[in-house]
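What follows is a set of structures for review.
Both of the next two complexes hold subunit A, though its partner changes from subunit B to subunit C.
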Partner chain A sequence: MNKFIVLLKKEFVQMLRDLKVIWLPIVFIFLGITQPIVTYYLPSILGALGGGQGITIDPSMTAQKGGEVLAATLGSQFDQLGFMILVISMMGIIQTDKANGMLAFILTRPVTVISYIAGKIVSNYLIAAFSVTIGYFVSYLYVNYLFTDVSFSHMITALLFYLVWVLFIVSFTTMISTIFNSQGIIALISIVFLIGCRIIVGLSPVIDFVNSASMSKHAMEVLISGSVNSKAIDNALVTLFWIVLILFVINYWIANKKVNHE
Partner chain B sequence: MKLEIKNVTKTFREKIAVNNFSMKLKPGECVGLIGPNGAGKSTLIKVIADIIDPQAGEVLLNGKKISKMKREIGYLPQYPNFFHWMTAKETLTFMGQLSGLQKKELTISIPEILTKVGLKGEENSKVGTFSGGMKQRLGIAQALLHKPSLIIMDEPVSALDPIGRREVLNLIEEIKKDTTILLSTHILGDAEEICERFVIIKNGTKIEDTTITELLNRNSKNKIYVEITAKDQEWIDVVKKLPFVEEIEVIGHKVKIIVENIDKNKNVILENALEHEVDIVKFEIHNDTLEEIFLKLVVGNE
Partner chain C sequence: MWKMQLHYGFDELKNFDFMAVIPIILPFIAVGIFLVLLALIDLYRYRKTRESVLMWTVIILFVNTLGPILYFVIGRKDSERL
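Let's look at the complex of A and B:
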């Protein structure tokens, strides 16, 4: 436990020094603002450009409910550009330590592999969750200002669901970073796999059940329909199962010193 | 603490880096692991530091598996690397805390150790700005910080300039008193200076485990070295015919004579030379230097 705190603290100091604690939240704030602003002003921008001649604007677009816009922040901003930036910011999470020998060096000390992994995942999850939350919260404020109000409890429920998906993203990227040695490959595999998960959501109920990306859909549903899908809890449990499995794989990989074999 | 290495074998794909290697270190002993580049020193040391798992064999410290005894080990890698964004002090605090030291102890011991390794005044410099020699010193500092009872160092002085080398050797000399030390080097002179016992490794196999005195005794005092002038070259043929001369080697005016029994034969040769009125420039009993013995061991007997 003690060693875990030391490692966790080191991660935070590092994030502070390379300013990740500042730029990652800013990215998500920016993404959070984008959706409500663009949705609100796009019709008038299009109208101005078209000079009012002949372009018909879909009336539903102007009359969107706040919940839909906030859901689109998750689905169209965070789940696309947002999570790619997240993955890219984390691709070296373990790989860098492997490449410069620090992982092996740290493990010559009386430190368990688990506290090392926990230090990595907890710190990176906290910064990711913080960035997502703050971006989402700013989006919420704009939505409430420009569109119909979203109820606070729906907003929070959706956020919690979404953060489960974020935890999956962080853990999965950490696992790929443990197994592979090139940052490009790590980013590619993580992004392709996670986008794949996100795209296939809704195709089949069976896949949805085991697919962690469904958490993002459940979050959006809460915002759009105002009701919690009963499958959301099951899906959260399945996701936790995947995360435990991922931790197991990372631990196995490092503890068996596979990382030193190049 | 007592270190036992038992039948360790480590292969990388088909390449055998360490081959059925065994040795024992008594508590407080200092042993030099010597071998040319690629001999398997770093691989063996990484097995001892529990960084890589061997295919076969085990390493025990005081009878317990090394992986359970990490608190007792100080390890200096061949190429020490640190987080470049940390300062020297932060690095030592981090490594010290990972070894289980409390912050309070560290505020006292870190300035001490930095002074010892000659990094005083650099405590707040970023490690990223350090030269290779400074990183080496910091590496030594972190290996000693938690006062381990076994210190393993992979080429601690090979990368240093003569002054740094001197300082580090003195430092090791100092810690030798109360620690078991295993250090590797490809330079015999370094090991010779600190350790009495050394183990020679070649192609992953232990080929010698001995002390300096023993090695010198074993390999010496069977050679006579005579330097003569040009006019006495024919005397060499006379010497060749002497019954107790086993081998003769001529390099310019120098003649190396290997005899059966140096104590008995040396005066006979000298008398013989005087009889033939040889103009002797030099007459000496030749001892192989450690370097020569080492080269013979490592290059010879493939």
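Let's look at the complex of A and C:
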């Protein structure tokens, strides 16, 4: 436990040095602001710049409910650009340690592989969750100001659901980062796989059940309809199961020295 | 031809109520500019050790939002090897 704290501290020092603590939250604040503002001003922007003589703009677009806009923040900002940025910022999470020999060095010390992995994932998850939460809160404030109010309990529930999905993103990227050696391939595989997961949500109930990305859909549903889908808890448990499985794979991979450190 | 475009573009903008919009959009622009400034300041501080300062300056300034992010993720890591 003590070593875990030390490794955690090392990760945070590294992030502070990379300025990741500053820019990742800012990026998510930026994404969070974008959706409400663009939705709010889209009709007037189109009207002003689109050469819009003769175009009528559907008034129902401006009359969106707050919950729908907040759900769109999750669905079309955080789940696309936001999560790509998340993956790209974390693609080197273990790969850099492999590349510069840090991993081999750490493993010569009396440090268990588990505490090393836990330090990595916990620190990166904390910063990712912090960024997502901050961006989401800013979006929430804007939505309440520009559209109808979203109830606080719905907002928190949706956030919790979404953070489960973020945890899956973080651990999956860590696993890919452990297995592969090139940053480009890591980013490509993670992004393609996770976007694939996100796209196939809603195709069939069976796939949805094992698909972690449906947590994101549940979060959006809470915001739009205001009721929690009964499958959400099952999905959260399945996601946790996947995460534990991923941890085992990482542990196995590192412990059996399958990492070839050039 | 130019007159046509002006008519479609800027003339219509006059109908746009800027004073009502500014307080809402200002934080949005401020956050964007802050991100760009942060990247530029960092690039300037380490300009001696970075490989292609000019290229990154252009990317940070002109690639919208993604430029500073790319710099922080990829641009800073190259320097550590030097």
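The definition used in the following text is that the second predicted complex is superposed on the first by the 257 of 262 C-alpha atoms of A that agree within 3 Å, B and C clash if a C-alpha of one lies under 4 Å from a C-alpha of the other, contacts with A are read in each partner's own complex, and residues count from 1 in each chain.
Following the convention adopted for this analysis, contacts are C-beta pairs under 8 Å (C-beta built on N, C-alpha and C of every residue); 3 or more make two chains touch, one makes a residue touch a chain.
Just so it is clear, the model here is predicted, and its values are computed rather than measured.
Shared-chain residue A:I33: touches subunit C; no touch with subunit B. In the superposed model, A:K3 lies in contact with subunit B only, and not with subunit C.
Of the two partner chains placed by superposition, A:I233 touches none, neither subunit B nor subunit C. When the shared chain is aligned, subunit B comes close enough to touch A:N256, but subunit C does not. Of the two partner chains, neither subunit B nor subunit C is touched by A:L42. Once chain A of one complex is fitted onto chain A of the other, the partner contacts of A:D18 extend to both subunit B and subunit C.
Of the two partner chains, subunit C is the only one that A:I85 touches; subunit B does not reach it. Within the superposed three-chain model, A:V192 lies out of touch with both subunit B and subunit C [touch as defined at top]. By the touch criterion defined above, A:A104 lies against subunit B but remains apart from subunit C after alignment on the C-alpha atoms of chain A. The intersection of subunit A residues touching subunit B with those touching subunit C, taken from the two complexes, comprises 18. Of all residues in subunit B, only 12, 46, 49-53, 70-71, 73, 75, 77, 79-83, 85, 90, 94-95, 97-100 touch subunit A in the complex they form. On the subunit A side of its complex with subunit C, the touching residues are 18-20, 22-23, 26-27, 29-30, 33-34, 37, 40-41, 44, 47-49, 51-52, 85, 88-89, 92, 96, 142, 145-146.
Listed in rising order, the residues of subunit A touching subunit B in the complex are 2-3, 6-7, 10, 13-14, 17-18, 100-102, 104-111, 256-257, 260-261.
Touching subunit A in their complex are the following residues of subunit C: 8-9, 12-13, 15-16, 21, 24-25, 27-28, 31-32, 34-35, 38-39, 42, 65, 68-69, 72-73, 76-77.
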